[in-house]
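Down below are the structures I want you to see.
Two complexes follow with chain A in common, the first pairing it with chain B and the second with chain C.
After this line comes the complex of A and B, so read on.
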C-alpha cells in the first residue's frame, strides 16, 4: 500500500518526542509533590502556556554538545602544547583570568545546582526540560572554564586554591553571597534573579568584557571557551525572558511580586559587576572599551528598550536604575582603589596604571577621572617609588547585603562615602546604598544570617584550628592568610616585583631570543 | 516580482509560504520582511537561535560560528538563517508555529486595469481594479502594486471581502494621499479609468484566527480600515457566531468613510457592534458618537478589560503602539494581538528588546 504520511513539523516532532513527560500525580497530591510551586505567591493557571522556543531533545543535546566540546578541547590542547600563554600581551592580563576563575567560574557551578533544583520544583514539563538542559550547560561551563584556565595555573600564582578562596576570601563573598541569595530563594525568584536579571539583563556586561578582553590580550583558550559558551547563552537568556512573560501574563497579582524581584536582582547584579568594571578599566593591558562605555551600550541602551517593553505589563524600570547610571563614572575607580589598598589580602596583583593608561582613563572618564581618581593614583605611585607601597592592615566595614566594603560614594557626590544603616531586633546593620538597605528590610530574617568575612575574622572564625590568638606576637592578619591558604608574597601584593612579573619576562625572553 | 535581478525563491515550511529572496540577502532577513518570525537572537552567527533546515536547494552558510553550527549539522543541511544566503531556489524548514488558520495560497503576478475611482474622503480615494485572472486571498491580506514610471512597488491592503472579489472580479483599494509619496500622488492626481497596473499578491499574515473561537475586536484608524473591512464582511458572510466589535477612529466627520455601511451592518447583524470615534471633531458639531483616540475609546467601551478576546489592529504606528499598551494593560497579550507589520530599514536600526516576538 502506498500511503503518503505527512511529515511532522519540527514543533510537532518535539511534542511527539516529549509527550507525556509531565503528568498529574496520583499517589500523592500535586501540591505535596510540588510544594515550592506556589509558596512565593506566584499564581499559575495554565502551565502549558510556557513557550519553549528551542525544543531541543536530550538526544540532540548530547550530540551537539559532544561536537562542541571536542572542538573546544582541541583548541585548549593546542594552546597548552604551544605554550600559548606566552602570546598574551603581558603578565598583568593574567590577573583578569585569576579574577574569573576565583569569582566567576564557581558561579557556573552554583548555577548548575540551582537549575537542577528549580527544574525539580516546577510543574510544567517545558520549564522542567529547559532548566534541566541549562543545569547541564552550567556544569559543562564550569568544567571547560577550569580546563581552559588550568594552563595558566601551571605558570602563574593566584589560582591554585581558587575554590578554597571562594568560600573564605573577603571579596569573593560578593559573588558567592549573590548566588547563594538566589539559590535559597523560591523557584520563580531564582529564574527572575539568574535567568532574567543576570543572564538576560546583565550577562553582556559580564561575558562580553571578559571574552573580548581575552581576545584583545591574546588569550585564545578563554576566547574559544567564550564562543563555545555563547551558543548556550541564547537558550539561557530566552529562559529568562519567557519566565518573566509567563509570570506577568498568568495573573495580575504576579506583577508586584515580579517588580520587587526585578528591583532587588537588578541591584544585586549591578553591584557584582563592579568587579567586572574594575577588570575592564584596570586589568587589561590592551583595553577593549571602558566600563562606562560598556554600561552605556549594554546596560542603558538595552535596558531602556527592555523596560519600555515591560512597561506594557505594568513593570517599571528597577528602583536602582538612576543610581546605577550615576555610578558609571566612579565604581571601577573606587573598586580598584580598594583592592590596591587591601592587596595584601587579595590573591591577585594590583598596580598603578602606566602614564599612557592613565591618559586613556582620563579620556574615557572626562567627568571624573582627572578630578577624583588620577591624583590619588599618581600619589600612590610616588609613594611606591619612594619605597612606601602602602598596604592597609585594618579591615573594612562591609555592606550586609552585597558584602562589598563601604567604598561607594553618595549618588551625585563622589567625595562622600555612602553609608546607610537600619536596626533589626536590637542589632545595627550597615549598607552601601538605599537599595541594599531596602533589600535587607524586605527580608531581614534572611540577611541577618549573612556570612560576612570581616565579621567572621573579628569573631575569630578565620584562623586555622589550634591557632592561639593570645600568644605573644600573634599577627592576626598573617593568621588569616594562613587560613586562606594564601601564599604571602607570591599570590598577593603589587605586580611590580612579583614572581609572575619576573617569570613571564624570563620565559618570554627565552621564547624570543636564541640561546647560545 | 519584477525589476529585481538575481533573486531566488525562498519557501518556508511548515507554512508553505514562498517569497522572493535576493542573492545577497540572508534567509532571516527575507523571512522577517515577509512577516514570518523565525526565532533569532545575536543576528551574526554566534548563538544558534535561528537554526533552520535546508530541505531543498543550496545555501552559503556565511559566517556561522563553528560552535553555533556544528559540522554534522552542516552535513545534514542545517543553516543559521541570520547568515545563510541562497545559492539557488531554497526550501527551508523553520521552528515556526504552524498556523491552522493560514491558507497556503501561492503568490500570483497579474495585471489589473482601473475600473472606477471615487472620492471616499477629502484625502482617501477608493480605487476598483479589474483583475486579469482570479486572485484567491484571505481577508486582511495585501497586494503589491507597481505603476509604470514609478520605481518599485507599494503595499496596499485589500479593502473588500474575498466573496465580493470573486463575485465581481473587482478588487478594491482605499488609498490615502501621502504627502511626497510618489505612488499615492499618482493615484490621486494622474490615475484614470482604464490605466493598467501590475499587481502581486496575496501577501501578509494578517487574517482572522478563526480556530481560536474568541470574540474579535478590530481597532482601526486613519487609512487602516481596509483590512478590517474585508475581514468583517468575510466573517459576517460566513456566519461567524462570536461577537465582533469595530472601534474605528478618524480625525473628523468628513474623514469617517464607510460610516453608513457599518451602521447598517450593525443593525442587521446582532453579533456586530460598531463604535466610531473622532479625535479632532469641532466641539460644536452635532456628532453624537465617541470622541477621542481609538485606544482611549476602546478602553472606555470595554472598561479596560480585554482578556478572552482577539484583537486585530490596523492604522498608523503610533496608534498601533498605543493600542498594544492599552490591550496589555487590560490583560490581552501578544498571543492574541495581531497586526500587519511592515518592517522598514529604520525599524531594523532601532534597539529592540527581545521581549516580544511579533509586536
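After this line comes the complex of A and C, so read on.
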C-alpha cells in the first residue's frame, strides 16, 4: 500500500468504490432513469444518509465466497459419491427435502431476480450495491440447493418436476403468490416485504427449522448448505433492518406507509410459514423442537424486542400479531390434516405419526393436541388399517390472498372455521382471516388477478391441451394430475406402501447387511 | 495401476430434474452449469401484473422485440454458474492483488514518466463511471430478460462491471489519490471530451428492450471501448511510453473482456440464428449504437493517443465489424 491509499480510511475508501461511482444524470432526466423511485409515496431526501452495513468490495466478495464454495462443493461431491442419503434417519425425512425444493428453492430464484430489479432502480448507489450482492447470493442459494438436493432426486420421488409443480400445483401457489406479490410491488415495498419482514423478522423460522431438521436427521448435504449460507443470511438480515430504519428516518410521511406494509407482509409471511410448522411437527422423524417452541423463541421473543426498538419511529407491532400468537397451538396440525386429506394432489407423502410421535405432540401441545387433533389422527389410522385410507376428492375453497384452503379456525375458537368475505365490483371474494381480508381491501385491483388453483381447475384451465372434458368417463382430477405431470402412486399418496419407503428399506438393508 | 474402491451400488431412478432433462436428455448426467441453470425461471400462471409495468407479466418474453421459440437455446460457453464464476474470479482477484503489491512494493509508480501517468489518469479515471453504467444496464438485463441461461450470466456480468469500476478506482487511488477521483468525476460531468460518451451511457439507461440494451452496452460500446482503451492504448501505446506498470494494474480488465466477449458472442449468435427478423433487428440495433459509440469514443481516443487515435479507432471498429459478421449480423 502506498501512502496515498492510506489517506483514505476504510469507510471513505468504500464510499469511493461505490457511491462515488454514480452521478446525477442530465442528458436523460433522473425521473426517467429511475422511474420507480417515487410512485409508492416513500420520500427520500438524502440518499447519502444510507449507511452501508458491510462495506464489501467485489474483490473481497469473491475471495470470501470462493472459499465457501470450495468447501461446500467438496461436501456435496462426497455426499453424492458415497450415497450419503443412506445415512438419514428415515425415508419420511425426505418429504421435508421435497417441501424445500418444491416450495423454497424457487423463492431463492425469485429473490435473485427481484434484487436485480431493485439493485438497478434505487437511486442511491450504496443501497443498489447491497441489493445486487444479495441478488448474487440468492442465485447462489438456488443453485447450491439444486445441486445438493440433486442426489435425493435421483433416488426418491416427489422432486423430479419441482419447478413445473411450482408453477401449477395448488399448494405451491401459496409461496408462489407470496413472492410474486413482493416482486410486482414497488422497490420500497419489495425491500420491506423480503428484506425486512421475511429476512429479518421471519427468516429464523424458515431457515433454522429446515437446516436444524437436516442436521438432526443425518442430511449432511442440506445442513452443509445451511452453514454455508449463514453468513449470506446475516448480511441479508442486516440489509433488512438498515433499510427499514432508513425509510423511517427520511420522512415522517413514510411511517404510515411502512406500517401498512409491515402489517401486510408480517401476515403474508406468517401464513407461508404454516408449511414450515407442519414440516417441523410432522415430517421430521427426529424432531428439533415444536413449531410452537420455535414460534415463541424466534417469533414472539425476537419480534417483541424488535418492535419495542422500532417504537421510537412510531412503528407498532403488526396488526396480525395477536392472532399469530393464538395460532401457534393449531396451525401445524390443521395444515397436516389438510395435506393428509388432499394427498392425492400433493407430490409428497403424508402419514399418521407413530404412537411415540403422537405422545411427543401431546406433550408439546398440552392446550390443543389431545383435545382437537389427536383423536382425528387416531381415527384416520384406524380407517387406514381397515383399508379405508381417506383421500378427499372435492376441491377446497381458497383464501383469495394467501391462497391457503380455508383450514384455519377462528381466533379463540378452534372448532369453528374462520371465513371472511367482501364484495368488489359485483363479485364476492373469500378470505381465511381479518388480515388477509384487509390486505385485499387495501389493494383489490391486485388481488382480483390471483391465479387461484381451485378456480382455475373448475374453469378448465388445468388440463393438458387437447383434453376433452365432455368425453364419457372423463376423470377431471386425473386430468389435473396429468397437467401437473404428477406420477400418480409414486409422487403422491400415503407414505405407507410408497416406493420411497420400499426402496429405502431395501437400500439400507443392502448397505447394512451381508448378502450370501 | 488404479484400484476400484468398492462402494454400495444403487441404481438411480433418474439422473436429473425434468426441467433439466428437457434440454440434456433423460440419459445424460448434466453438468453443474446445466443443472443449475436450465429451466430455472418460473414461466407460467403468474398471479399479478407488476405495478411498475402493468403491460407485461412478471417474466415476459415480449419485453424485447426479438423472438425465440425457447430462450434456453442461449447458453454461456464459459458454463458459469455461481460456484464456477465466483471461484474463477477469486483466483483472478489473487493475481490482481499480487500485481498491485508488486507495483507498489517495487516503487514502479515513481518510475512512471509524469506526463504519461497524468494522461493515463485523465483517460482511465472517468471510465469508472462508464463501468458503473454497465453495471446498471446488466442488472436491468438480468431483471427484465427472459430465461435463466440469458439472465443469470447478466448478473455475473453486472458484478464484473462493478469490479472493473472498483479496480479503476483503486488504480486512481494508487497512482495519485482521492483528489484524482474528484477530478475524474468532474471531467465526466463537465469536460467536453466526455460528454458524447456520457450522453451515450445515459441514453442506454432508458432503453426498455433488454436485448437492445444488451447490444448497446455489451456489444457496441464495450466491443469498441475495451479493445481501444485497454488493448491499444494501455497495453500497447502506454507500454511503449514506459507505462507498463499501469498495464499490470489493468491486466484483469483486459483478460476479463476477452473472456466475457465469448459469452456476448454466444448470446448474439444464437438470437441471430433463430430467424431473419431477429437478425435484422440485431443488425439495426448494432448499426445504430456502434455508430454512436464510435462518435462518443472519438474524443477519448484523441485524448489518449493524439495523432494515432483515428487509425486506432478505425482498426478497432474494423475488428468489431469482423466479429459481428461472424455472429451472423448483416454488414
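To be clear about the criterion, the second predicted complex is superposed on the first by the 506 of 516 C-alpha atoms of A that agree within 3 Å, B and C clash if a C-alpha of one lies under 4 Å from a C-alpha of the other, contacts with A are read in each partner's own complex, and residues count from 1 in each chain.
As a convention for this text, a residue touches a chain if its C-beta (ideal position, glycine included) is under 8 Å from a C-beta of that chain, and two chains touch if they have at least 3 such contacts.
Just so we're clear, the structure is a prediction, and the values are computed from it rather than from any experiment.
Visitor: Check chain A with both chain B and chain C modelled on it and let me know: fit or clash.
Guide: Once both complexes are aligned on chain A, chain B and chain C fit side by side.
Visitor: Once both structures sit on top of one another, what is the angle chain B-chain A-chain C taken between CA centres, to the nearest 10 degrees?
Guide: 80
Visitor: Who touches more of chain A, chain B or chain C?
Guide: Chain A has more residues touched by C than by the other partner.
Visitor: For A:184, using the defined touch cut-off, is the partner it touches chain B, chain C, both, or neither? Pick first, second, both or neither.
Guide: Once the two structures are laid over each other on A, A:184 reaches chain C alone.
Visitor: Between chain B and chain C, whom does A:301 touch in the aligned arrangement: first, second, both, or neither?
Guide: first
Visitor: Looking at A:230 after the superposition, I want to know if it touches chain B, chain C, both of them or none. Which is it: first, second, both, neither?
Guide: first
Visitor: In the superposed arrangement, does A:162 touch chain B (first), chain C (second), both or neither?
Guide: Second partner only, chain C.
Visitor: With both complexes overlaid on chain A, does A:386 touch chain B (first), chain C (second), both or neither?
Guide: Neither partner.
Visitor: Pick out the closest CA atoms of chain B and chain C after fitting on chain A and give their distance in Å.
Guide: So the smallest C-alpha to C-alpha spacing between these two chains is 10 Å.
Visitor: What residues on chain A does chain C touch that chain B touches too?
Guide: Chain A residues touching both partners: 12, 63, 67, 72.
Visitor: Tell me, which parts of chain A touch chain B in their complex?
Guide: Answer in residue numbers: 9-12, 53-55, 63-64, 67-68, 71-72, 227-228, 230-231, 233-234, 237-238, 241, 244-245, 249, 252, 301-302, 304-306, 308-314.
Visitor: Going by the contact rule at the top, pick out the chain A residues touching chain C in the complex.
Guide: Residues 1-2, 4-5, 7-8, 12-13, 16-17, 20-23, 25-28, 32-33, 35-36, 39, 57-59, 61-63, 65-67, 69-70, 72-73, 81-83, 86, 106, 109-110, 112-113, 116-117, 119-120, 125, 128-129, 132-133, 135-136, 139-140, 142-144, 146-147, 150, 153-157, 159-164, 166-168, 173, 176-177, 180-181, 183-187, 446-447, 449-451, 456, 485, 507, 510-511 of chain A touch chain C in their complex.
Visitor: Where on chain C is chain A touching in the complex?
Guide: Spelled out, the residues of chain C in touch with chain A are 7-8, 10, 12-19, 32, 35-37, 39-52, 58-59, 81-83, 86-87, 89-91, 93-94, 96-97, 104, 109, 128-129, 131-132, 135-136, 139-140, 142-144, 148, 151-152, 155-156, 158-159, 162-163, 165-167, 169-170, 173-174, 176-178, 181, 185, 188-189, 198-199, 202-203, 205-206.
Visitor: Would you mind writing out the residues of chain B in touch with chain A in their complex?
Guide: 13-14, 39, 41-42, 46-49, 53, 65-68, 70-73, 93-98, 324-325, 328-329, 331, 333-334, 350-356
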